[in-house]
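Would you mind keeping the following structure in view while I ask a few things?
The chains carry the letters A, B, C and D, assigned in the order they are written, with residues numbered from 1 in each.
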Amino acid sequence: MLLTIKYFGQIAEVTQKEEETLECSAKNISELLALLYSKYEGLKIKDFQVAQNQELVSESTEITGAEIALLPPFAGG
Amino acid sequence: MLLTIKYFGQIAEVTQKEEETLECSAKNISELLALLYSKYEGLKIKDFQVAQNQELVSESTEITGAEIALLPPFAGG
Amino acid sequence: MKDKKPKNVFRDGAISSDFIGNSIYKHQTKTSIGAHNIFLGQVRADDIDGKTVAAIEYTAYEDMANQKFHDIRESAFEKFDLTCMHIYHSLGTVKAGEICLFVFVSSPRRKVVFEALEYIVEAIKADVPVFGKEIFEDDTHQWKQNN
Amino acid sequence: MKDKKPKNVFRDGAISSDFIGNSIYKHQTKTSIGAHNIFLGQVRADDIDGKTVAAIEYTAYEDMANQKFHDIRESAFEKFDLTCMHIYHSLGTVKAGEICLFVFVSSPRRKVVFEALEYIVEAIKADVPVFGKEIFEDDTHQWKQNN
């Protein structure tokens, strides 16, 4: 599946990019994260949540959507 | 004792004045009110609190101060 | 007896949005502040028995009222970690849609301002001798009463 | 799916006191309103390990953030009897002392605005994907995190 992955804040500092497109076979978020951890070693020690198509999801959530985002702690207001 | 009596809002509508000076022998607030009720019949049906020297007092409070005020319900804000 | 003399909280007529904006502006030099909370009381054009409120005419037992505002202020600073606090109340005529009460609190942290502002506004409504004559469009009136 | 499209809550840079004053002014035609409550978030010049915060640079996952602001808005209107509600949040650089969040609620009655404003501000802090880079005076930085 072709996925757009978005990175924000201190996560984007680790990946050195704000967005990328990946062709990947990960079935759920956990599998996708394993792939990203191997690509970006520094992600492992970072605190973040994952959104799929703009909704927060858990590691066991199946990948269905085209847009995944890695969101560091919120700091609004 | 020479007292200044202040009237506000709907109380001043009844007394037709905002202030008056009375020479009176009332010992406590209750006695003063009896005097004022006889002077201003319409006061009897009004809801108000009494302040002596800018502090709220009860009917049994002794009159010690020079300034008494009749305060209808508050409506600030 | 308090050693600090109460300030005059009253303003003649409505409190303008310019005055409020300017008051906010003046706080931008205070860089320890993280949160402001502002309460504004606005005169409602209430319908009462088919008549509409056009304005409220405010009067007050001014000396006692300023002392009460001062006491509320002192007690709020004691209870809450506030950086600043300002209260303004109208006297005289304030038309429907205009602002008659402006309470402004500031603190390093947000939890404090929510608690403090509600405390202050409730105390003003309950304890300060201010009186309001609701004037209808046909020039009759009734007396406002806080609940 | 919601039928109403989310509005854009974000403003470029700080929110000015003029903008806030003008927003208050616009509500003076709404004569069913009796109480306004306004929350302002201001950037603090915090001292952290001997360094002082000079500004916060805000970024956001904008589409998701606007959807979350929209959801908060809908849920606040459902829970509370509000006449109006406005939210504005900064993106980009906001210097210490400047305002980065402006939340404005209005209702016929005061009790409602206190509850509603706190609900909305807490929801914004917890649920909206906005990120803040605290920039120190020496140009180093750290990432802000809501508690």
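Assume contacts are C-beta pairs under 8 Å (C-beta built on N, C-alpha and C of every residue); 3 or more make two chains touch, one makes a residue touch a chain.
In this text the structure is predicted, and so the values were computed from the model without any measurement.
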Taking each chain's C-alpha mean as its centre, the one farthest from chain C: A
Euclidean distance of C-alpha centroids - chain B vs chain C, Å: 26
Mean-CA-position distance for chain C and chain A (Å): 49
Sites on chain C at which at least two other chains make contact: 41, 110, 121
Contacts with two or more other chains, residues of chain B listed in rising order: 77
Pairs of chains in contact (touch as defined earlier), listed by label: A-D, B-C, C-D
Touch list for chain D against partner chain A, complex: 41, 56, 58-61, 63-65, 67, 89, 100-101, 121, 124-133, 143-146
Residues on chain C engaged by chain D in the complex (per definition of touch): 17-18, 20-22, 24-25, 27-45, 96-99, 106, 108, 110, 113-114, 117-118, 121
Residue ranges of chain B in contact with chain C within the complex: 6, 8-10, 51, 54, 69, 71-77
